[in-house]
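Sharing a structure, written as structure tokens. Questions coming.
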Amino acid sequence: MNTLTGARSRKLGLPPGTLVHLGEKKTATALVTLVDYDEGQFTEAVAERADACTPFRDRPSVTWVNVDGIHDVEMVESIGTCFGIHPLVLEDVVNTGQRIKVEDFDDYLFMVFRTADLDGPGGRIDTDQLSLILGANFVLTFQEKASPLFATIRERLRNEKAKMRKAGADYLAYALIDLVVDHYFAVLEKLGDRIEDLEGELVQKPTQATFGAIYAIKREMLGLRKAVWPLRELVGSLSRGESPLIHDATQVYFRDVHDHAIQIIDTVETFRDILSGFVDVYLSSVSNRMNAVMKVLTIIATIFMPLTFLAGLYGMNFRYMPELEWRWGYPTLLGVMALTALGMTWFFVRKGWIWERRGVRGERRAAAALPNKKKARQK
Amino acid sequence: MNTLTGARSRKLGLPPGTLVHLGEKKTATALVTLVDYDEGQFTEAVAERADACTPFRDRPSVTWVNVDGIHDVEMVESIGTCFGIHPLVLEDVVNTGQRIKVEDFDDYLFMVFRTADLDGPGGRIDTDQLSLILGANFVLTFQEKASPLFATIRERLRNEKAKMRKAGADYLAYALIDLVVDHYFAVLEKLGDRIEDLEGELVQKPTQATFGAIYAIKREMLGLRKAVWPLRELVGSLSRGESPLIHDATQVYFRDVHDHAIQIIDTVETFRDILSGFVDVYLSSVSNRMNAVMKVLTIIATIFMPLTFLAGLYGMNFRYMPELEWRWGYPTLLGVMALTALGMTWFFVRKGWIWERRGVRGERRAAAALPNKKKARQK
Amino acid sequence: MNTLTGARSRKLGLPPGTLVHLGEKKTATALVTLVDYDEGQFTEAVAERADACTPFRDRPSVTWVNVDGIHDVEMVESIGTCFGIHPLVLEDVVNTGQRIKVEDFDDYLFMVFRTADLDGPGGRIDTDQLSLILGANFVLTFQEKASPLFATIRERLRNEKAKMRKAGADYLAYALIDLVVDHYFAVLEKLGDRIEDLEGELVQKPTQATFGAIYAIKREMLGLRKAVWPLRELVGSLSRGESPLIHDATQVYFRDVHDHAIQIIDTVETFRDILSGFVDVYLSSVSNRMNAVMKVLTIIATIFMPLTFLAGLYGMNFRYMPELEWRWGYPTLLGVMALTALGMTWFFVRKGWIWERRGVRGERRAAAALPNKKKARQK
Amino acid sequence: MNTLTGARSRKLGLPPGTLVHLGEKKTATALVTLVDYDEGQFTEAVAERADACTPFRDRPSVTWVNVDGIHDVEMVESIGTCFGIHPLVLEDVVNTGQRIKVEDFDDYLFMVFRTADLDGPGGRIDTDQLSLILGANFVLTFQEKASPLFATIRERLRNEKAKMRKAGADYLAYALIDLVVDHYFAVLEKLGDRIEDLEGELVQKPTQATFGAIYAIKREMLGLRKAVWPLRELVGSLSRGESPLIHDATQVYFRDVHDHAIQIIDTVETFRDILSGFVDVYLSSVSNRMNAVMKVLTIIATIFMPLTFLAGLYGMNFRYMPELEWRWGYPTLLGVMALTALGMTWFFVRKGWIWERRGVRGERRAAAALPNKKKARQK
Amino acid sequence: MNTLTGARSRKLGLPPGTLVHLGEKKTATALVTLVDYDEGQFTEAVAERADACTPFRDRPSVTWVNVDGIHDVEMVESIGTCFGIHPLVLEDVVNTGQRIKVEDFDDYLFMVFRTADLDGPGGRIDTDQLSLILGANFVLTFQEKASPLFATIRERLRNEKAKMRKAGADYLAYALIDLVVDHYFAVLEKLGDRIEDLEGELVQKPTQATFGAIYAIKREMLGLRKAVWPLRELVGSLSRGESPLIHDATQVYFRDVHDHAIQIIDTVETFRDILSGFVDVYLSSVSNRMNAVMKVLTIIATIFMPLTFLAGLYGMNFRYMPELEWRWGYPTLLGVMALTALGMTWFFVRKGWIWERRGVRGERRAAAALPNKKKARQK
């Protein structure tokens, strides 16, 4: 499948509201988890069939239905129908590649997020689509595959004294969104480590692989940026209390998430600036190395060409070449050659081409000027 | 004809409202298709003469007149007159090169779109102008040439139970616009494939042809971008219900199209960012190859110049050169030469110029860091 | 005169409203043309003295006074006084280098435009200042030199049945502005031709002259852009009916001009993007050619240096060099040399340096990827 | 003193309103000039002590107090106290490095400008801070050093019939600001001359000094830009009549100044664009020259290396080398060498490396494409 | 610890309001300083335990509690509880890496700043988080470590006649913020010194170390910019009197701080522009040096290759080489060689490659065009 655009075109010409799963199937079978709680009770269940959620629909307690694996279009459709969700919304839920957004349907808010993950030291950022529907007393979440993220929420919910147990569905939605947003910090920290490693490599001995790695991170950042930029406006609109589904008491928490979103965006932008600087440093180091190579070549050629010419001169077979007969011809010529070589060398020293150790010291000074990763780590 | 600007100047100085077809003639004869339907009936006809549409004008049922081939200025004019369209609008209809826009003329909305097409693996993006006029109970569409796009709509209309049959002209307009907008996804997918192919080529062995291809796609994107950027505002204004011609029930569908338009713009921008990165990668690989070439030259020259000098030295014909007479002179010199060559080689190894296999490994690592196309495809 | 800034400083310290002509004198003598018309009559005259316009001032018919040659400060002043124009406005009229703007003085609107012209295949864009003052029943236009543009308007006015004859001064102003704006299309078409020619040259065989031409067009565009950018806002404000001098019926025409202005700006921006891309293509082609030169040098040096060394070796005059005495010494050495040369060549073939025909093919492929000018022309 | 930031830190930790002069002392002793006028009378005096201005304070006539040399903190303070100016304002007056701004203190407006000056052909732009306080019937101006600018205003004031004599303090402020703003045109004209000279140099024979000069002008522009950008908003707010201190009749004049400010900003931006283009041209010319150098080297090496090898071959001392004994061996070899050289030359001609006169012609064509300074001057 | 992002992820999944210190511990033990004052009295104390602040809470006098060392989470919590601060605020206080912001909690304003410090000539910019909570009659400040900044405020407070003693808590907050903002000027001055030093180095003899230093300063600026950009809006909102906690009389002072913040941002942006220019200058100097190296190589090779070929030619051992027998063969050849060398030299002189002293002079001219640091210092 085309990783850049998705396979959107497969739906071309179908009437709107036709549910077709677009995206890769990331988990074998879809899993539906049902949680229902209020201050007094806590029910947890794995739903086999979608109609399992019907009894919870009209209860005043908070119901959280989580679906892992949105390729199960029928399951999504029946849950959606049960809670009265518009077909266009369900279409968006099953089509990955949605943009990050919040839509207000009066009875419920429909939000789309992307959760990010970065596995292994050389791994790529993996983003999954998370759709969240917040109603008066229910929260529906749809993920591409089961993520360990939501387990901590369930853990907190099991605790009878948790603040979440007393709060409404909006607080649950906040807790879920907060988790998603905060998880970006973890991804950014890992990226930050890689960037610092790259900076060290760039200072020590940049190779083409360093450049490849810079490019690869820049590339990864493109997707991350697309996922986090709209967060500012999304969470911002939630925190301004534009929907009655978000109670006043919860708004201060959304303001906090809004804050985190801005911090994340700032960090992403800073990373981009740093990486742009890396490209400059790399290209300048390539130029400098080319310069050094050229100098070596020029020094060697400039010293040996005249010498070789002189040697060739006295290798000629002319019958009448008086110098060849001289007693001290050979030592004299050797002397002339030595003088020529010394003169050339002096010329290059004056030009600052030899003793380019200075250049090496320079590189060391440049290295010192760059933030030392090891030192920074020890802090 | 000038492909960048059109031949606008041909109209210079003519009074406004003079209908002159500007643009290339993309189809031999203009074809007018008439469709009239409501919940109960469906009429389809190919109009020979423009007055064929008069009987449908005042009926309450929805009338859709589609013209393929806008070079037939008289046909456009008579249809326009029949539905009471302003001459300036008809002028815009027959002049290709209009910008994407929506204009509200109270009785009807006039919209200009561009449909995009990308044929063949090396083909170029071909955009055609599509003018759409939405009245209370009619939709007029004008295309440069017949496109297979609208056939699917006609197919859906023939189905008696289709939602479209029950809805008004605004829903038909929505269906048509949705199709045009969604078709961009197909074009972007093909472009995305090409970009991924280019990325592979860039990593394996970038040649000047790779750069040419990067440039060519960037160039294509310029036109595409011009066609999609104004879509956001256009469809946005339709979805905000600024015109009474769009009923409330249809607005939610336009909101969906709006969403798709933003996704398309995002994708176009992401492609642009990726292609900009490609240029950096290409230029850096050119520098690195130049560097490698220079190193080979320098190593060869630096090793052989001193040796050649020594050989030349003992090829001189001085009468008094004691070394020439020595019994072991020749083997000794060979030894000195070998030592010189080894010393030079050691110098280059220390400098990291030889064993540049590392460089090759580096390239491989860089290649690994880049998203592997094959792997991505298998997903 | 300084072509970049004008000679503004000559006015430094003079009281405001002092009329001094700033700019070059583009025509020998100023020519004042008077046109007065309504539905019934049409008068045309060349005014010798400025007071010629006095009789027309208070008539209800539309009066159009056109001045070619604004260096005749007295003439401008007397016309201005006759129609009650503010001295600061007249100051702007006679000072070229004004920015594009519209100013509302209640009784009249003062607008400044720049007309553009591009003569000859290698000519430069020449812009002249056009000041237009629109009153209730008069239009005053001031140009730096006579331009053939306005003749078409006069021609249309002579026709008794022209729409313009029935309309007011605002429609005349519209017709003039429309002409000025549409004339930019002609200039842009010529520029577009040049850009396509350049693209062809860039693909075939870019020389430094190509780069010079790219730079020259970019430079021309700077001035053009300065002239067209403010048009959008200017004509936009006219079309929004902010002044009672523009009647409602004329607004729809100004909306059309507004549309054209936006198209022109879009085209200018597209040209800029294309030209920026050209610089990249040019620089990359320079790098590639340098690379090719370096490769030739390196191949030659690497093949011949070892051979020359070997030849020098056996040109030495040591008394005891057994190889020299061997019967097959010479043929053996020739064989060794041939093997060395072959080995080197094999090394370069493996490195992909020889058979760089591929590179040439690559260039052809790149050329094919670029839009073919000839083909485009045939359309 | 640090020329980039001033010595702001010297004030760190002092209570606000403490008057300390920050900036260099540009004139030996401060000079206070008093002008008091209305339609009937005109008084001019040089104040020895600050209390000299007390008698003028309450008169209805317009009083203009100008201070040259703001390092005399006591003088500034006593004048400020006399006219009831807030200590924070006086602090700003004596601290150079203020940003351009206007502040409304109800009783008076406080404005900060920078006057620009460019002396000599290679001189730098010198900007001085000018603080202007406009009250109901007084204008206070504070400059770092006496500038000849204000003398022209005083000259105009002495003329009994000058419009300024009849107008109020706001018109005097307008005249002063107009002078400051218009003076930028003079500076920009000089800069424009330099830029055109540079363009000529760039086309003829760019050296590193040309690049240095480009950089130097770019650097100068940074400061100029900082001084002129805020002017637009500043004068704009004055012209919109936001303060009752500016009478309606004067607003039209401020609108004119506003216009000039925008023109200045436009010119500065155009200069920046032109200079950016220069950098591209310079770098491309450096690349082209490097390319030319490389070609010469490659041609020479490629022609002579095979020849030298052949000569070395027949300089070998093998006993059995049949060619050496041939009668026509030597002439034959000379022929082979000539053929080799000719073949190589033919190869380079075909590659377009020789006859690079074309390149030179190309440069001339590029030069022709650039606007010719001399021609432009003659206009 | 990751210096780019902090260790935010450690809090992932914890309920909001959980106080965990994130950031490095910059001081051994937390120190709480209590100051309470009004016009009549002044009390100063070092609090051992947090409840020490309770008695001051309800007094009408102004209470200032300063905490150095926010890692003491319990201390922060108890102070926060004492003054009724929301747990989310306290969470932000103990987590470094907050963005610069102001939040209005009706009863108090919560602000986050970063104080900047630059130690030593080669030191890095060190920023610490400063949280400031302004209530009706109290100010709480939380710093990462004790900074000498606040001592000057305490000193001024001890003075009975200080304006601060008569003013309220908002004036104290102003004084603290003013100090923080003004301290940026000190940091910028030091950075400005470094930039001027770099400019000198760039002109004299740029090495790779110069580039490293440019990069390092650019890198430092990234962090600084992140700290100062939000200041404009923050202080701006305080000066617009959006909160009743800031009295009208204090607003004019905040307007002054706002002004300083804008100046700081302007300076930071100017520095960025200057540093970008440096990169261009550096890269151009690298290209020029490479060009010079290439020229030396080409001159040497071009002169000696033909000579060496000629020498080799007459070193051949053909039996029949008539020239070898000529009496004047050797001197003639020497003459030919001299002529060849002279011809080559003349060619290079004509090409302007030799006498490149001009290039050196050029560099000096470029140096002169750049602002001379020494001269600037003497001012």
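As written, the chains take the letters A, B, C, D and E, and residue 1 is the first residue of each chain.
Note that in this section a residue touches a chain if its C-beta (ideal position, glycine included) is under 8 Å from a C-beta of that chain, and two chains touch if they have at least 3 such contacts.
Predicted model only: the values in this text are computed from it and were never measured.
Undergrad: What's the overlap between the neighbours of chain B and those of chain E?
TA: Correct list: A.
Undergrad: Counting one step per pair of touching chains, how few steps separate chain A from chain D?
TA: The least step count works out to 2.
Undergrad: If I superpose the C-alpha trace of chain C onto chain E, what rotation angle comes out, expressed in steps of 5 degrees from 0 to 180?
TA: For the C-alpha superposition of chain C onto chain E, the angle is 145 degrees.
Undergrad: How many angstrom between the C-alpha centroids of chain E and chain D?
TA: Comparing mean C-alpha positions, chain E is 26 Å from chain D.
Undergrad: Averaging only over C-alpha atoms, locate the centres of chain B and chain D and give their separation in whole Å.
TA: Measuring from centre to centre gives 42 Å for this pair.
Undergrad: Note the residues in chain A that touch 2 or more other chains, in rising order.
TA: As it turns out, chain A has residues touching two or more other chains at 287, 290, 294, 297, 301, 305, 308, 312, 315-317, 321.
Undergrad: What order results when the ring of chains is traversed from chain D, passing next through chain E?
TA: Here the ring, read from chain D toward chain E, comes out as D, E, A, B, C.
Undergrad: Can you list the chain D residues touching chain C in their complex?
TA: My answer: residues 152-153, 156, 162-164, 178-179, 182-183, 185-186, 188-189, 192-193, 195-196, 252-253, 255-256, 259, 262-263, 266-267, 270-271, 273-274, 277, 280-281, 284-285, 287-288, 290-291, 294-295, 297-298, 301-302, 305-306, 308-309, 312-313, 315-321, 352-353, 358-359, 361-363, 365-371, 376-377, 379.
Undergrad: Per the contact definition, I'd like the list of chain D residues that touch chain E in the complex.
TA: 1-9, 11-13, 15-16, 24, 86, 88, 92, 97-99, 101, 103, 122, 124, 205, 207-213, 215-216, 218-219, 222, 226, 279, 282-283, 286-287, 289-290, 293-294, 296-297, 300-301, 304-305, 307-308, 311-312, 314-317, 321, 323-330, 333
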